[in-house]
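Sharing a structure below in structure tokens format, with a few things to ask.
Order as written gives the chain letters A, B and C; numbering starts at 1 within each chain.
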Amino acid sequence: MNYSTLFIQLLPEAVLVVTALLLLGVAVATEAKTGKPIANATASAISAIGVILAGFAIFNMPSNIDSGSQLISMDPLARIFKAVVLGLGLLAILLPPARREIQNPGEFFALILFALTGLSLTSGTNHLLFLFVALELASLSLYLLAGFPRTARASEASLKYFLFGGVSAAFLLFGLSLVYGFSNAATLPELAVKLAENPTSPLAIAGLVMVVVGIGFKLAAAPFHYWAPDVYQGAPATSVALISAASKAVGMVVLVRFLLIGFSAASGSAAWGGMVAGWSLWIGVLAAVSMIFGNVLALAQTSVRRLLAYSAVANTGYLLVGLCANGASAAGAALFYVVVYGLATLGTLAVTAAVERNRGNDSPTSFAGLVHRSPLQAVALLVFLASLAGIPPLAGFAGKFAMFSAALSASTHGGDPGLTWLVGLASIMSAISLYYYLSILKQAFVKESAEAGEESPITASHALAVGIPAAALVVLGLFPALLLDPITAALIGSMSGR
Amino acid sequence: MMLLSLILLPLLGAVLLALQPRLGAKGAGQFTMCWAVLALLLAGGLGCPVMSSREWSLPWIPDADIALRFSLDGISWLFLVLTGLVTLFAVVASLLNGKGDRAYFALILVLQSALFGVFTARHFIPWFLCWELTLIPAYLLIRLWGGTGAPKAALRFFIMTLGGSAFMLVGFLALQLAIGTMDFDALGKLAANHQLAGGLEKAFAFTGASGHTLLTCVALAVFLGLAVKLPVVPFHAWLPAAYAEAPTPVTMLLTGLLSKMGVYGLLRIFLPVFPEVLPSIAPLLSWLAVATVLLGAMAALAQTDLKRMLAYSSVNHLGYCALAIAAAAAVQTDRSALAAALSGTVLQAINHGVIASTLFFGIGILESRSRGQRGLNDFGGLRAQTPVFCGLFGIAVFASLGLPGLSGFVGEFLIFNGAFALTPAAAVVSVAGLLLTAVFLLRMIRQVFAGPLKPSLAKWQDLGTAERIVFGIAILLIAIPGIWPQLLLQFSNAGILELLDLLSPLP
Amino acid sequence: MTPAWTLTSAFAAALLVLLLPARSAGFAKVIALVGSLVGMVAAAVACLARLSNPSGAVWSFDCDWIPSLGARFHLAADGLSLTLLLLTGIVAVAGVLFSWNVTHRPRAFFAFFMTIIGGVYGVFLSRDAFLLFVFYEIVILPKYMLIAIWGSTNKEYGAMKLTMYSIGASALILIGISVAYAAAGGTSFDIAHLAAASYSPALQSWAFPILFLGFTVLAGIWPFHTWAPTGHVAAPTAASMLLAGVVMKLGAFGALCVAMPLFPLGFAQWQPVIAGLAVIGIIYGALTALSQKDLKFVIGYSSVSHMGFILLGMAAATHWGLRGAVLQMISHGIIAGLLFGIAGRVVYERTHTRDLAALKEFDLWKTLPGVAIAFTLATAASMGMPGFSGFVAEISVVIGLWQAYPWLTIAVAIGIILTGAFSLRALQKTCFPNRTPTDAAAHALPPLTWPEISAISLLLAVSLAIGIYPKPWIVLIDDGLRSPLFNSILSLP
């Protein structure tokens, strides 16, 4: 155990925690001095600086360091996703808070930093117990963040999220202990070795089922998604952004690590005509249910935030398609897509939050005439929604196409149909999703605004929160290799147990 | 190249007309008249032996032997000159009657272009292109400047012709698919060697029909397309209404030129391409021809509208051409009779073109003076009031009924000369047509010119100077070939001989 | 000027238009015109260069794009692509000219317009299935916007229907391409590579219909054509022209150059079904057009009928058939553009009605003789009159069909006759109505403007040029059909 190396490895998280504590201190001091809570802008600026510093710490971390601790695994995948978590977190911090949503910015942003710490730690471990602890650190922060405005709706959202999250944590913990009981191994690579000897052990399978259910809650896969619509609607936009983007990305990383590193021996197959019991089959079913459920229910929504919640369910379905094939390139594409999805959802939330602040609600009709009121936001919204719907040349398209074709090529051999049924369902569902995305775009571009409401000017941070994801989606859409290739390479590296 | 420029010349005129929005109706007419004179001169000039380049060709779809090929021989040249003459005649008639405007004259020029093309094309594709191209201007001319019934008449004309063309197209497509060419000369040579039926049988083996049957079907399809244009009797339903409703100068074009497309097609395309099956369909053709002759004449007898009467008379006269073709189809051993029948067809076509357009010109004069009246009983006793008109018109009528010495006689004489030798029965029955023709034409003369002068006609002026000159030239053109048929025959002889060689090769 | 100019000029024009400041929005149309002219000239120059040196190397551009997937940025322009590029260029120029009077949000209009053009160019140039699909999909959103914002008659419904059909079809294409990619080893999306791989007959028999249907929905294959009439009617004129003129050709192009070469055995299995659907489409489209009251609906259904010829040529799978199919793509592109331009822009903007009965009041022949003549010629071209492009194309298709399915030619003949009937009916009612002297005098209508005249003349001239002298086009198309891609199809028994 080399503690100096361990410190370097944990430096990003350390920076986040220190910033959080600093922020709390400043907030208390300010309130004591002026009698009023710290200004929103100040708090968000401090936390943004903290996140940026943590990002520097990641980028400057020497590659190829090993502290010898089993708890922390700083593989390339972890490195990339820590950066992703911080990036998405930064964008969430830049999001404009909705009106009177946040009474105590000091605590709020400190909680965000804690949540980011938890997420960042989660993405960089192969250790079963540490994974649970880190994940719960993140989750507890997120439960609080969801209920921050102390409105009835937010409280309901927070409570629901907490109850469902608690149950899911129980599942996860139970599953982990079963797995540990089966293998006596604390880390995933060790587990893989044990499993290879006895791939059909009922104990291990039961444990895996529990783990998948637990993570399925976090990812909002149907039928474990019931918390999502209320949280998306009731929680502050910033919290939702974290939950939908960063937390989902980390959930995917965890799932990928579990399935591809830990349980790859028990994959089974979901191929048409050649189904074999195993997680591939369950994931396939989960994917199909999520896609159908999410898309069909999204069609009926009149609140954009709820619509985004169901779209999150549907997108989880697409992501699971990528995992289902049990192939590195497909899973790599899925990890790429989760980043892209996070960017697009976050951007949409940013625009929605602004519209909500100006118009009072988030029904699609309040987007009417957005192109005249704020061309930048309208064009960015076009980019986000088109990317979600999978229209080229945006990153969502590249991600989906890569994911689907890689899933097919990992599953078909010779002339058998393989996963065509699932990929076919996914592409058709994805086509259907265009309908509800288009219904928002129609309001924004085609309809004229009924009332000439007051427009608050767009702030710099808001412009960044909208502009950066939009630009990123365009760039990643034109040159997906920029992110797709590193992720795939990193995943292959992690799987080979480097 | 000269040939191509002849075809494009009227088209150029039409474009020039289209580009001058400020030109009035009269100006447009005068311009068109000059242009038509130019076209006539060029068409006539092409007949001079010095004009060496009489062929023009451009590959179209190279690997299928499809080319835009035009070429000129004596028979074609006669039809070109006829086209030039009748077009000029019609333009002058329009000017004299004060008919038409810029678009009208432009359409006439387009029509002329297409006709030049039809009479010179030697490959099906360019020929069909021009054939169909005549349809649009003709349709519009009838539709837009015609009488109250014009929309219906024009549509019927259009659809019947188009339907016939569709069959013809299918027929030639079948040849293209089976034989690999649609070039008339190439097809003629292959047919003379009896290769068409075999080729068809091979290509259409899946139908199980024999080559002869297949070729018969193709021949009938092509005949149908040509017969509608001519028209042969059951396919003539469009004609009376179209001729009657069209403005009179356009009727001159219809009868003088468009019907000749049918004759030309039968003579230059139908006969040489299908000699293998001609004897077997000849009986059908002859009875259709006889029906055309007789029914045309009888229907004319029943008309009270002058234009309709002359329209049916046209059917009757062109029936003789059909008779000659049918006779030539029936027997191909008697070369002299064949030569007579074929030469007669050419003469009849050319002369009927001149005579019929002259007759309609006369009707036009009547119509313009009576403000649109043209019933047989609307007139009477004109001989005293307008003697010059009556004299000239009378000559034309006599030419039409075939008085020896006038041009109508020579063609019919040669046709009957051939037909009696080849298909005696049909020829005998057809003679009745000659008599009927005389009956209704003479009745017209009597009704219009003789008898007491109707009071409403008392203020009529005789022909003006311009009208006299035009009418006079027309009568000259009727009289000269009647006296000196060799004038026309010397041009067509070479072509007729070629045709004979294809139909009945010398041993 | 390489063919790449087409693509870049279109996208550059779209970008420039977007960046225009609001006060100089009037320049949008000028930029769009220049952009589309550059594209047209580049395509024409490339065509001429190819004609003068038919055996030379084909222009191509190839570089890495997404290495982990094996997707490459691979463009190439053989004769077949070149003719379609030229078609696109011509329709684009005419479309801009017909949109000269757009004053409602002109910047957005021309930006969307030029984006569609760019996407179409991209599809015709792509030699990589992934890239082709990217360009194919780029077109979808701008299409929706053009119709939903600037359209007429039930525009939001029409736009949404069209978009959902397009995206649904794209989903099928995605499946088909992915299947081929996976079965060919999952290393490359290059179309030539995919076509060279051998797929098992079982896979081809289910993968082919998916991919083919995906493409041909956009080509208006019966019974998935219903988006076409409503979409065309709802769209603003320029968008109708683009939709019917070139966007429908994208589907046909994809079916011809991707679906059929990839799965030739599957194609052979489904060939009779395709031929049957095509014939039904021809006759159904013509019959429906015969009973329409709205002029644009007549043209919309006539498109369905005409697109049937393209499918039929492809189904015949003989050299003549494929050639005819491509010729018909070009011919219909020009003619549909012309008809929609005249009906939707020239006539509608002046009379504010497209109802065939109501047009009687305007007596177009008297009030706008130029329009009547142009519409007559366009109708003649659409009917397949000799001398216009439609004749050459239809005759080639019929010859090709004859070699494969002789009996079907009878049905086609019926279709051609019906086409004549509905075309004449529409022409008669639009331009030459039966008026009696008691009818009220026709209203005076504003004369034709120069952009309209130039657009009409451009399209008419091209249709006539092809009809009178098709040889260069045929040489170019044959050049494309010699590509090894089509060997497997042309050698089918």
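Note that a contact is a pair of C-beta atoms (placed from the backbone, for glycine too) under 8 Å apart; a residue touches a chain by one contact, two chains touch by 3 or more.
Everything numeric in this text was worked out from a predicted model, so none of it was measured.
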item	value
Chain occupying the middle, per Cα centroid	C
Taking each chain's C-alpha mean as its centre, the one farthest from chain B	A
Top chain pair, ranked by number of contacting C-beta pairs	A-C
Rounded Å distance, chain A centre to chain C centre (Cα mean)	42
Distance between chain centroids, defined by C-alpha means - chain B, chain C (Å)	42
Averaged-CA centre spacing for the pair chain B and chain A, given as whole angstrom	84
Chain B-facing residues of chain C, complex	365, 369, 373, 376-377, 380, 385-387, 391-392, 395-396, 398-399, 402-403, 406, 413, 416-417, 420, 424, 428, 432, 434, 467-471, 474-475, 478
Partner chain A, residues of chain C touching it in the complex	64-69, 108, 130, 133-135, 137-138, 140-141, 144-145, 148-149, 156, 160, 163-164, 167-168, 170-172, 174-175, 177-179, 181-183, 185-186, 199-203, 206, 210
Residues of chain A defined as touching chain C within the complex	329, 332, 371, 382, 386, 389, 391-393, 397-398, 401-402, 404-406, 408-412, 414-418, 420, 423-424, 427-428, 430-432, 434-435, 438, 441-442, 445-446, 479-481, 484-485, 488
Partner chain C, residues of chain B touching it in the complex	58-64, 68, 103, 125, 128-129, 131-133, 135-136, 140, 143-144, 151, 155, 158-159, 162-163, 166, 170, 173, 176-177, 204, 206-207
